[in-house]
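Each chain gets a letter, A, B, C and D, in the order it is written, and its residues are counted from 1.
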Amino acid sequence: MSDEGSVPPLVALRGVTKRFGAVVANRAVDLAVRPGEVLALVGENGAGKSTIVNMLSGLLRPDEGSILVDGRPVSLDSPAQSVRAGIGVVHQHFTLVPTLTGLDNIALAMPELGLGRLNRRQIGQAIDTAARTLGLSVDTTSRVEGLDVAQQQRIEIVKALIHKVRLLILDEPTAVLGPEDKAHLFDTIRRLKAEGTAVILITHKLEDIFAVADRAVVLRNGEVVADAPAAGLTPDDVVLHMVGSGDRDQARAIVTGETTLRSSSASGTDAVCRLADVTLRRSNGSIAVSGLSLDLHGGEIVAIAGVDGNGQSELMRVLAGMDVPLGGRIECLGRDSAGSAWTAAHLRRAGVAHVPEDRRRSGIVGEMSLARNYLLRHSDRRALVRHGMVRNSALQRLVRERLALFDVRTRGADERIDQLSGGNQQKFVLAREMDGDPRLILAAHPSRGLDIKTIRFVHGLLEEARQAGKAVLLVSSDLDEILRLADRIMVFAAGRTFGPTSRGDIARDEIGAWIAGHASGPA
Amino acid sequence: MDEALFLSGLLAAGIRLATPIALAAIGETISQRAGVINVGIEGIMLVGAFVAVLVTVSSGSPWAGLAAAILSGAAMGAIHAVFTVRLKAEQIVSGIALLFLGIGLSGYGFRLTLAQGGTAVQVPGFRELDLFGLAGVPIVGPILFGQHALIYLAVIGAALLAFMLSSTRLGLMIKAAGDYPQALDAAGGAVDRVRFLCVMASGAFAAAGGAFLSTAQLWGFVENMTAGRGFLAISCVVFARWNPLGAIVAALGFGIADALQIRMQAGYPGVPYQFFVIAPYVVAIVSLALASRGSRMPAALGTAFSPQR
Amino acid sequence: MLKLMTGTAIVLALMAGTAIAETKKIALVLPGPVTDGTFNSAANKGIEAAKAKYDIEVVVRENTDFAQIQDVLRSYAEEGYDMIIGHGFQFAEPVMEIHAEFPDTWFVVNTAQVAAAPNVASFDNRWGDAGYMAGAVAGLYTKSGTIGHIGAIPVPVIEDYNKGFEAGAKSMRPEVKVLSAYVGSFSDIARGAEITTSLIEQGADVVTSTGNENVVGTIQAAQKAGVQAIGTAFDSQAMAPETIITTALINMDVNIDLAVGRLIDGSLKPESYVLGLNENGIGLAPFRDFESKISAEDMARIQAMMKEFADGTLPPK
Amino acid sequence: MTDRSDIARQAVIAAACIVALVVGAILLAGANPLSVAIGIGERALFTRSGFLEAVLRSIPLTILGLGIALAFRARVFNIGMDGQLIAGSVVAMALAPLVPLDAFGLLLLLSGGIVGGAAWGGIAGVIKGRFGGNEIIATIMLNYVALQILSWLVRGPMQETMRIIPRSDPLDAALRLPILFEATRIHAGLLIALAAVVAVAILARRSRYGFKLAVVGANAHAARYAGIDPRWIAGSVLTLSGALAGLAGAVEITGIYGRLQEGFAPGFGITAIAVALVARLNPLLVPVSALGFSLLYAGLGTLARNGVVPFPIINILEGAIIFVFLAGSVYVAHRAKRGQAETADG
């Protein structure tokens, strides 16, 4: 164990084991966090991080071992008890009621208000106070469903901190944030630290550890395999612990993500997809983007950067045929957005693959088998469906093949897909979408929430696709990912579009400026 | 003046016809906002109607009858809540069972008590009020000041519930329980307790609607006297987009349309009366087609909540 | 009144004559609940009366859906019931379908006109005559010149009553305005009341109603509005003595009593019995408090009309 | 774990309370609960005619239950089976004077029933699919409309030539479904119902359309992503389940009644919902569930006939039995889960 300092641990896990049926999620986990300490909890998907979060937030009970607060064992049987113990949690999947405003969501988490009339002005002031000390600006008057993820996350943080919180747990907070919002978040964490609040930061991203954490705990297969001050670690060390590989070179390769495949400058070929003066509308009716013109060519990756909620989702929906543009015109693989054949089914048939941004919400049907989920996007293939009847044996055969090819870890094609880890689900989605030789690949946040090995796998796939002459449109809020993959970069911010520009023509901080909505650099 | 009389008669009848439906619809709104659908409110209304008459006759006070009806309705709601909230059984099936149970209990109770004598009993039921002595004012008088006390209570109740939903923390908890119970659970709220109470409240309101039918609109109980009003109430909830005040408006729409068709019938003896009877429903169907955009039901409606622990 | 008494006397005499046979088993099948206060209650009353008089075993089946009728009739027949009485025209068809299979069982359809050898008989009342009498009283009594009839659903007997009501009223007062409306349900008492209220608003000051529970709604609405009602079927004046002038009696209970009596004494024939005033199938109940509120002249006209019914010169052909 | 056994225990308590309520009610009526219980089971299960009557009633309930199961799979709540059934029977009856008097004519009548029910369901389908209107209201309202239109038809244009009773003229014998077994009322509708079970099972579990229904029912977002239009599915499945309801109507008319009359399928639509939900929307279980409900009704019918208890007790029993069934299935489900968890733990 690392330095047992003079300050006693604020919250500690002692020998905690948690099983789900035959699966052991955590085995004899020891963990401690002291006041004013930022602890990074890292590990691959399925390493047991979320189970720890859920036990600390009162959603799960340990089977063995104990949780200590201020050195005394406590039982956290409900979220309310967890709050009373001074633990605040921001879950990876936000627990906000979409139809309520931010303020009402926060009030919902304040049992001390009783059941009676809400003094919204007073609550608003309390929120402002909490937000100001953290340097956060939150929109508390709009319905949550209309806010972008970064804003929702801020509401979650304020919600957690509206009580006297001594330990704040942030589960994958950076996965959805752009660089600016990420910097903001780290700022907030530092302020909390300065006030003596302990923070547990669950993350996949190595750079997060070194940006804010004091100490890192690495989990593998439910067990703690490393617990060390961040200052004494290198990225290679962390990866080595995470993947459990003894090979330092391999670990380094994963960290750096060596790219062997390079752009085969494709501007000469005909455009697969042409967008001319397109206007996109949000579901609430407001204009997300206007005047968007862009050509997508085979053999290139075009990336849209920027904070979520600036029209990226709308663009993807429109290109996938799930929506039509409000204005302008799109021609894609012989289909015209003004025509009647601009539907998801038609475009899929024409060769559009779509890796959706929220796979749990729309990319898969959790309670269905892998085979049925495969059929989701291939139900008009003659080989799988004939005369309206599904040919199950052919489907099974194909799915088994594809699962092997994409290294999806599963018990078989009949397993329910919600039994798979997030990374395997994403691999499954890719296996499905890359099937049938698509010519345009729409990839929205393809590596969000994935562990580093799977990320490399996903990136490799996209690069191969480019190599094979396919057009790839990538939407990501991860600037590193964009800089690594993209041939051309475009930014949506504040209702405007910046670019596209070749990656070679723009520096990282210029993109950062674009994302912040400043029109410096080549426009 | 004839037109004025016609109008005030029409509105008064519309309000009377609407009130039992409105009360049941207000209750159903609360239950559905919390995520529980209760298709058994017809049965609860019957129990309420019977209990109200029974207690009114034996105590001499319609208010005591109303109070007893409300309690019996809450108890009926509790049965539904035990099965749907605690046991997490299929909500629609439980509602259907509740419907039969309500029909049976009210009918059986009636035969054990009031129907024993074989002659009609006198029910000292509610009478229309005369608020501020203004009920005599032409047209507006009877409408605004000359209604049954329960009608004013229904409006006040709906307004209070609307206020509760929009402006109290309890209201937030109810909306969260119906829209995204995971969020309420994570915020430390007891989803099941909120739902249980809301289902009981829905029973209480439905029973009050039954009590209006048997002690205000009429003075007496007959088996199955609700005649489908519970199902109309469910329609009103959806029509009103899960807003309690809207539920009153929707019920009023039905009531007035019904009162109107009743008055048209005698005027056009050549037209088969069935066409008048269906008129309110046809109007409802057409307006449904024309005005449905953007209507959203509580996202977790009909699904039991089981926390992951 | 006299007729009723003679009727009873005859029945009693007959009963004495038949002496002791084996106990007959009789099933009465009703479409609604016995507590409806009108149609089904009447049948129940009839069978109760018969039970008191004869050595019979009785079972009553309530709330029989149209879909269940055949099964119910068949089951009783299989269990060896001697007589199965279906109360309502809707029993006619199922009875016709199955009667041949059970020649030892009598099937009786009440309030319908159907018969078949050897074992189907029906009893019906002259609903049209009853309506005529009610209409005559209403036509004489109305001050406004407008009267109203509220029917549950236009089934044949209700339509007959409705037509008779109008004819009767016009016979007394040709210029009278007769309003008519239907509830669309037998059991919706609240709507029955509201429809009545609407007719009252349109000027009706004497109303009458046919059906089941909805009749109670009409009487209550009349009571609340302070206008007069004429009861139907049951003498229910006790329910609202200030309101109900008289009742156009439709003695469906007499039908049942009669059917049972004829079964016991062996005089039942596969015929369609239609009971009018002389057979005590219909009648006018006593006016009681209203006796004094009706002019002697009007009372004389009513009595003259009743005599014409007794003589057979009414109803008009 | 404690939660689960807790729920199982509560299910037992709830069922016990319901049973106590029923027993109390029966005792209050001066009857013997045990003989009442025996009475329910006796005729339905142990007499030929009682069992056959249950089979007869399970025919329409099966067809209707299949329609409900299809629609509910897509989370489309068709409460309008009663109206669609009426529409089907009306169209079938209206065709009767026009078709040849042979098996082909009968087939046309049945097809007419399907079309009529589909059209009535299709109105709700258009309201839902085209205008986004709530199908629960639409179907409830359409029930009332269909009931009244039937009421008018049998007194107006479709009334018998004699014009006495509100009903239509009878169908020619050639247009009646043949009786399958001598001296019973079991007609060829039984075969139609079983064929429908097979067809719907294949449709629901093997076909692309059935797959799409399930996707829409499970996750509307995923459906849109997959290029399935949830509104189109909702509209089409309302039409389809309406078609089944119409078929049930035509089968009842041609199989049992031979003419159009009011009230020939009272409350079947609501019962069918219970049938389908108890069968867990599995088409193959629907006939089992339908027969179970029919046996229950046959048993309750015996009770009503015997006059041992006042009629409302029958309604109480009807509700109580469904409640006890619910509690029982909750108990079984939680016991099973708990067992699993324990073996996994151990």
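In this section, a residue touches a chain if its C-beta (ideal position, glycine included) is under 8 Å from a C-beta of that chain, and two chains touch if they have at least 3 such contacts.
Please read all numbers here as calculations on a predicted model, not as lab measurements.
> What chain pair shows the greatest number of contacts?
Of all chain pairs, the one joined by the most C-beta contacts is B-D.
> With centres defined as the mean C-alpha position, give me the chain B-chain C separation in Å.
Roughly 35 Å, centre to centre.
> Could you please state the distance in Å, as a whole number, between where the Cα atoms of chain A are centred and where those of chain C are centred?
The separation of the two C-alpha centroids amounts to 77 Å.
> Calculate how many whole Å lie between the centre of chain A and the centre of chain D, each centre taken as the average of the chain's C-alpha atoms.
Those two chain centres are 46 Å apart.
> Provide the list of chain B residues touching at least two other chains, using ranges where the numbers run on.
107, 110-111, 223, 274, 277, 309
> Going through chain C residue by residue, note those that touch at least 2 other chains and give them in order.
Residues 33, 154, 184 of chain C touch two or more partner chains.
> Name the residues of chain A that each touch 2 or more other chains.
If we look for residues of chain A contacting two or more partner chains, we find none.
> Show me, using the given definition of touch, all chain pairs that touch one another.
So the chains that touch one another pair up as A-B, A-D, B-C, B-D, C-D.
> Which chain D residues qualify as touching chain C in the complex?
Those residues of chain D that touch chain C are 43, 49-50, 53, 56-57, 148, 151, 155, 164-167, 185, 256, 259, 261-267, 298, 301-302, 304-307, 311-312.
> Using the touch definition from the top, list the residues of chain B that touch chain C in their complex.
Its residues touching chain C are 5-6, 9, 13, 16-17, 20, 107, 110-111, 115, 119-120, 213, 217-220, 222-225, 227, 258-259, 262-263, 265-266, 269, 273-274, 277.
> Could you please specify the touching residues of chain A with respect to chain B in the complex?
Those residues of chain A that touch chain B are 54, 57, 59-61, 78-80, 83, 89, 91, 95-100, 104-105, 107-111, 113-118, 120, 159.
> So in the complex, which bits of chain D are touching chain B?
Residues 3, 7, 10-11, 14, 25, 28-29, 79, 123, 126-127, 130-134, 136-138, 140-142, 144-145, 148-149, 151-152, 155-156, 270, 273-274, 277-278, 310-320, 322-323, 326-327, 329-330 of chain D touch chain B in their complex.
> If you look only at chain D, which of its residues touch chain A in the complex?
It is residues 202, 206-209, 211-212, 214-215, 218-219, 221-222, 224-229, 340-341, 344-345 of chain D that touch chain A.
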